[in-house]
Amino acid sequence: MASARAGCQDAPVNRAALRVLVTGGTFDKDYHELEGRLYFRQTHVQEMLRLGRCKLAVEVETLMLIDSLEMTDADRQRVLAACRAAPEERVVITHGTDTMEQTARTIGAAGLAKTIVLTGAMVPYTFGSSDGLFNLGSALAFAQALPPGTYVAMNGRFFRWDDVRKNRLTGVFEERG
Amino acid sequence: MASARAGCQDAPVNRAALRVLVTGGTFDKDYHELEGRLYFRQTHVQEMLRLGRCKLAVEVETLMLIDSLEMTDADRQRVLAACRAAPEERVVITHGTDTMEQTARTIGAAGLAKTIVLTGAMVPYTFGSSDGLFNLGSALAFAQALPPGTYVAMNGRFFRWDDVRKNRLTGVFEERG
Amino acid sequence: MASARAGCQDAPVNRAALRVLVTGGTFDKDYHELEGRLYFRQTHVQEMLRLGRCKLAVEVETLMLIDSLEMTDADRQRVLAACRAAPEERVVITHGTDTMEQTARTIGAAGLAKTIVLTGAMVPYTFGSSDGLFNLGSALAFAQALPPGTYVAMNGRFFRWDDVRKNRLTGVFEERG
Amino acid sequence: MASARAGCQDAPVNRAALRVLVTGGTFDKDYHELEGRLYFRQTHVQEMLRLGRCKLAVEVETLMLIDSLEMTDADRQRVLAACRAAPEERVVITHGTDTMEQTARTIGAAGLAKTIVLTGAMVPYTFGSSDGLFNLGSALAFAQALPPGTYVAMNGRFFRWDDVRKNRLTGVFEERG
């Protein structure tokens, strides 16, 4: 089924149906004017899709809005369950970068017959200098064009779920090697 | 050779080497403060790659900085020649949206064994509401993940060179059908 | 009457009632996605006041939305009439920079007992690098704090209506000298 | 001397010499990509002046880069001393909003023969939705046009040092009443 989607013999097919699962992360943080701190108000994914003039049939589902350092095993199981339950074969997950590799392993190890791409941002979208819009464009494209599997899309690249880590010193994603 | 790169049996390989050919288009237009009009000063692609924290080994080559309505057949041949001459197997072309489909046909018909993705923007990058960063992230991802061929990446989607057009009324790219 | 407002003996009084007369200019230009050119859609003054968390009781009145190079004598008379008709003693006029000095002279020569400040922008507000928000904050402040008269507020400074010109080479406002 | 500057009989004089004293505050906060928190790196005042195409002869002096909740009495005395030592008769102080009114009282009570204007922002300048640029434009204008005294410039308005407070519930500055 999945092979029909991204087969070699056939030309690649442009499947629009794609689900974005929102979990929070730096991506979606806002500045709280009265308290002078970062917090979650709501996701910016829809606004970013509008800005990108995105015409894919995207379903956005907010699972949680948390910092990924606070994500528990139970939260990860919830994300995995949402991937499994999604009627779409292509899923993008927005996620904090600090524990993105752990969630990727939880989902990747489940071996679903779907293309699942985790992405996030180093700087909140609401900041002028965010990488969020670039990463979202990149993740949606990888989700459409890569064969089934679980991937991380950061820094303009994609990584397989079992070969990725965030370099804590540089903030850059790289192969585990 | 190209098939080895994006084979079906093999897991997808993360090839960094990618060339961005700049031709201009809305993407790169700036506002001329003294003359009160839009013009080309220089490309913003490098700045956008920095903003996206892009860590791909990208080579940026500026071929021309023109409005795509002014692009001649000779210009298109120059773009095709640059695709052919590129040592990289993956190429992204930034291009005005008005005649992007024509340039895609010129390049696609040549049948190079490379993955070539044309992209652009509806609004200049220097405007706050530009789709440029989203489109660039998307095009770089498609160029890495799609099999050899020529494509247009706009509106979060990809289109094959022989089945794409810009809808003049809506400004949205769609299949020729 | 005006002297009571900004008298020397008395401490300065914080009068909120202020009118913004919109005439267009670079300030308010938008990018037309389908036609690839700059145009006027609507004024951004209210949006800018919200962004500035402005709590002055400001009345915004759109007189016209035109490029100041197209402003006729009849248009200038209309702006002057609106200044005269305004119930507020303090007026800010948003205006294209190219003929701002002419409109300032038309209004200044009328000698109204009001503080009237013309301002504009070198770059449209919708561009990320606009001076518009800075200039609007500056013009509203000058309109509250300067004695009756007609002024131009640009480049962080204020100029009297009979001693100002835009330097065509640098785009900077300066004394006529 | 100061009276000569903003006299009633005389037309207002456009004095360029103005000093900006930087103390930090929300205004100047940056997002730390690796640590996911707000911090001070350096002031953005010069960058904001460039964006505003400001041509005033402004001297920018960074006294400290701190959150105003951490400002001590000794810090306030340092700010006062800098106001006193400044060769300019017009001073703008960038400051966190939480204790701006306290610093205004410390400086105002000293009764210097200078026009001193405190300003800040509810949202960091590096965020797209900041009020900082508007407030800076406003503060520079008030500093040029108001008679000697100490003022707070926020929300498009100015307040005297002995009649201002930040409303903790709304984040808006208002008269103490």
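Just a few scattered comments:
We just call them A, B, C and D in the order they show up, numbering each chain from 1.
Just so we're on the same page, a residue touches a chain if its C-beta (ideal position, glycine included) is under 8 Å from a C-beta of that chain, and two chains touch if they have at least 3 such contacts.
Being a predicted model, the structure only gives us computed values, none of them experimental.
The greatest centre-to-centre distance from chain C, using averaged C-alpha positions, is reached by A. Interface chain C/chain D: over half of the residue numbers present appear on both copies, so the contact uses mostly the same residues. We define each chain's centre as the mean of its Cα atoms; on that basis chain B and chain D are separated by 46 Å.
Per-chain Cα centroids separate chain C from chain D by 23 Å. Separating the centre of chain B from that of chain C, both taken as means of CA atoms, is a distance of 41 Å.
The residues of chain A that reach two or more other chains are 122, 128-129, 171, listed in rising order. Within the complex, the chain B residues that touch chain A are 3, 7-8, 11-12, 14, 16, 48-49, 51-56, 58, 122, 129-131, 133-142, 144-147, 149, 153-160, 171-173, 175. Contact residues on chain D toward chain A in their complex (touch as defined above): 26, 31, 33-34, 36-38, 67, 98, 122-124, 126-129, 168-169, 171.
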